[in-house]
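So that we are looking at the same thing, I have put the structure below in structure tokens.
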Amino acid sequence: MIDPRTSVVEKRLKNVKRIIVVSSGKGGVGKSVFSSVAALLSAEKGLKTGLLDLDFQGSSDHIILGEKVSLPEESEGICPLRLSSGIDFVSFSLFTGESPLPLRGKDTTNAILELLAVTIWKELDFLIVDLPPGIGEEILDIIRFIQRKEFIIVSSSSLVSVQVVERLVNLLQSMNLPVTGIVENMAMDSVHHVSDMSEKYGLPLLGTIPYFPELESEIGDSKKLLKGNFAKYLNAVVKNMFKTK
Amino acid sequence: MIDPRTSVVEKRLKNVKRIIVVSSGKGGVGKSVFSSVAALLSAEKGLKTGLLDLDFQGSSDHIILGEKVSLPEESEGICPLRLSSGIDFVSFSLFTGESPLPLRGKDTTNAILELLAVTIWKELDFLIVDLPPGIGEEILDIIRFIQRKEFIIVSSSSLVSVQVVERLVNLLQSMNLPVTGIVENMAMDSVHHVSDMSEKYGLPLLGTIPYFPELESEIGDSKKLLKGNFAKYLNAVVKNMFKTK
Amino acid sequence: MHEWALADAVVSTVEEKVGKRNLSILKEVHIRLGELQNIDREIFVTGLKMMLRGKQCGLEVFKIDMEEAGFKCNYCETEWKLNGYPGIGEDEREAIHFLPESAHAYMQCPKCGSSDFTVAAGRGVLIESIELNGQEPTYND
Amino acid sequence: MHEWALADAVVSTVEEKVGKRNLSILKEVHIRLGELQNIDREIFVTGLKMMLRGKQCGLEVFKIDMEEAGFKCNYCETEWKLNGYPGIGEDEREAIHFLPESAHAYMQCPKCGSSDFTVAAGRGVLIESIELNGQEPTYND
């Protein structure tokens, strides 16, 4: 039995200039806020931007952006949802809304491969891929199926986070995968585990974003998010990101 | 081919009075700090306490408790590591330390089943099981292999967290699984999504734990943790937990 | 019509296996369409036709079988079919059409109510075998 | 000696399948020990003996085969064996003995360096078949 889908993944992404995979290994460090707001900023700058939420169980980019999701249109494949902010968006929530989606690994791989094989991404400057925590199917399949990609690592300042994130950094470097840099989010002044890690692994610290209590009031409203402090700090990080290469 | 391991799981847990599965669906909400400190408190009260860290990729209970891990002893099976705090501890980190552990779902199931089949838990009042985020193999296998268990749900206050946690609550209730209650952690006064959820699903809100900036300085030191504010608040939650049933 | 993307995948795979300029050596390509994904066979065939345009091989090479969808509960091991499973509406059917794994959000084991089940058969599009002229079938395991 | 826990699992499973009081109808139980887990066969057999004490069935019913461990890279599809894989020390071997999945922390594909691989064969303890007196073998798929 041959799975025909793997052969077309590269073709579906051929019009995408850069694929940026936002990962961490650790949950709750801000991968999804980072991905969503980075996509907003990128689109605002007039860059053609895609956002792919690959966190099936914990999909939340649509919640952060405050977007009502619906089944996508289809032409010769699935067309990403064009958000009012200009972002081309794909997420499992387009198909299952807020229903729980209990998937075992084999199903997760099938789902990822299906999305990669049938989604027709238009010309994009950036496709931002938001990953779930863990080192499981999602990241392994992105590594397996997508050749041209780069990783951005997000970590909070806490030792609990950094120690887990370090395992992922380790793995990516041992597999010779390109890591653009590390972002410290919800930064605490009292500790410097993240900058230590960035030195230890020779990876640029792309930026440090403080904890902003008011971010919660911006969640669910793309316009507010764009105007907020989180976006302001992120903008510096993203600027660097947009410059690299 | 028959897998012999499933037949002995119940037997290995037969001396355990209550199995408390700490879950969320969402990452970074404090499941691991909750599990670790709850275990400390329980052991301090003289209760016989076990702690099973089932977050393979993100195992961090040993980091939070500040325990040097090592390969366990074996007699007629694997003996949990007896920590100085009195907790009987099992974690993947006993076997692989801080190495990254890229596991696909099938491997995760195999690993969980192996630990459940060969670990000989002594008499315990409580076995606290710390789950990773997501609705994947770890929680599905706990549901499948362990008959006698109850869930505690941890959520942060944020809408991003609550919306994801709600999917898990939904799933557990649709499968008629016993949920003891919900814990709100890193509570923000400005929003009340967690209490709304607890009402909507008819689940007790076991307690609300504020964000304590000083918690970071207690991480890695069981004694400090036990004396800290997080433990003080958690104690109220755990007291209720110890009373239920 | 996202069927075309899948037809494209089938033709691309065949080209990858036998070489782009070599399609004339194809004797039969067996394709299996899983019931769950609810692929429109006509549209899929039209897609194949499009993808084969200008290539050294005709539509008649492609044999298409349908496979019934089958599910198995990971909890109580009950097996069931799609046919007869109640309460899946238009929208859910459409979601599953795009992404068969969506079924996990909409189905439970009819016996024990578990959401933890396996799609045991008939998920989506697979190539069962590629037979070449003058050779035994290859790639079927 | 955690081999005993696994021997216990084998006997419990057999009892579950044929009934506790029915062990005398066992003709042969085929067990497969995977090379990766590095189970000590002697200790395992001693374990089986312990578990069978006072039961209507002797050790001779149990046939034990070893299975070589085999790995396959999910990235480049290279296959390799445990035998000859370099650089796994005592501690790693011991960790893998307890928990074969630990191998994922200690091995990479010898060709492409990927940590994403499958243990294709020889992982741990499996029951291949349970044959009853006067009956065809059951439970082997």
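Some points to look at:
For reference, chains read A, B, C and D in written order, and residue numbers begin at 1 within each chain.
Note that in this section a residue touches a chain if its C-beta (ideal position, glycine included) is under 8 Å from a C-beta of that chain, and two chains touch if they have at least 3 such contacts.
Being a predicted model, the structure only gives us computed values, none of them experimental.
Ranked by distance of CA centroids from chain B, the top chain is C.
Across the two interfaces under comparison, A-D and A-C, the one joined by more C-beta contacts turns out to be A-C. Chain B and chain C have CA centres that are 40 Å apart. With centres taken as mean Cα positions, chain D sits 29 Å from chain B.
Counting partners per residue, chain D has 74, 115-116 as the residues that reach two or more other chains. Each of the following residues of chain A touches two or more other chains: 99-104, 106, 108, 140, 171, 174. Looking at the complex, you find that chain D touches chain B at residues 1-2, 4-6, 8-10, 12-13, 15-17, 32, 74, 91, 94-95, 98-102, 104-106, 115-116, 118-119, 123-128, 130, 139-141. Remark: chain A residues 1-8, 11-12, 71-72, 74-78, 92, 95-97, 99-104, 106-108, 110-111, 114-115, 117-118, 120 touch chain C in the complex.
Only residues 140, 143-144, 171, 174-176 of chain A touch chain D when the two sit together in their complex.
Partner chain A is touched in their complex by these residues of chain D: 74-75, 108, 113-116. Residue ranges on chain B touching chain A, taken from their complex, read 25-29, 32-33, 57-60, 63-64, 98-106, 108-109, 132-137, 139-140, 156-161, 163-164, 166-168, 170-171, 174, 188, 190-191, 213, 216-217, 219-220.
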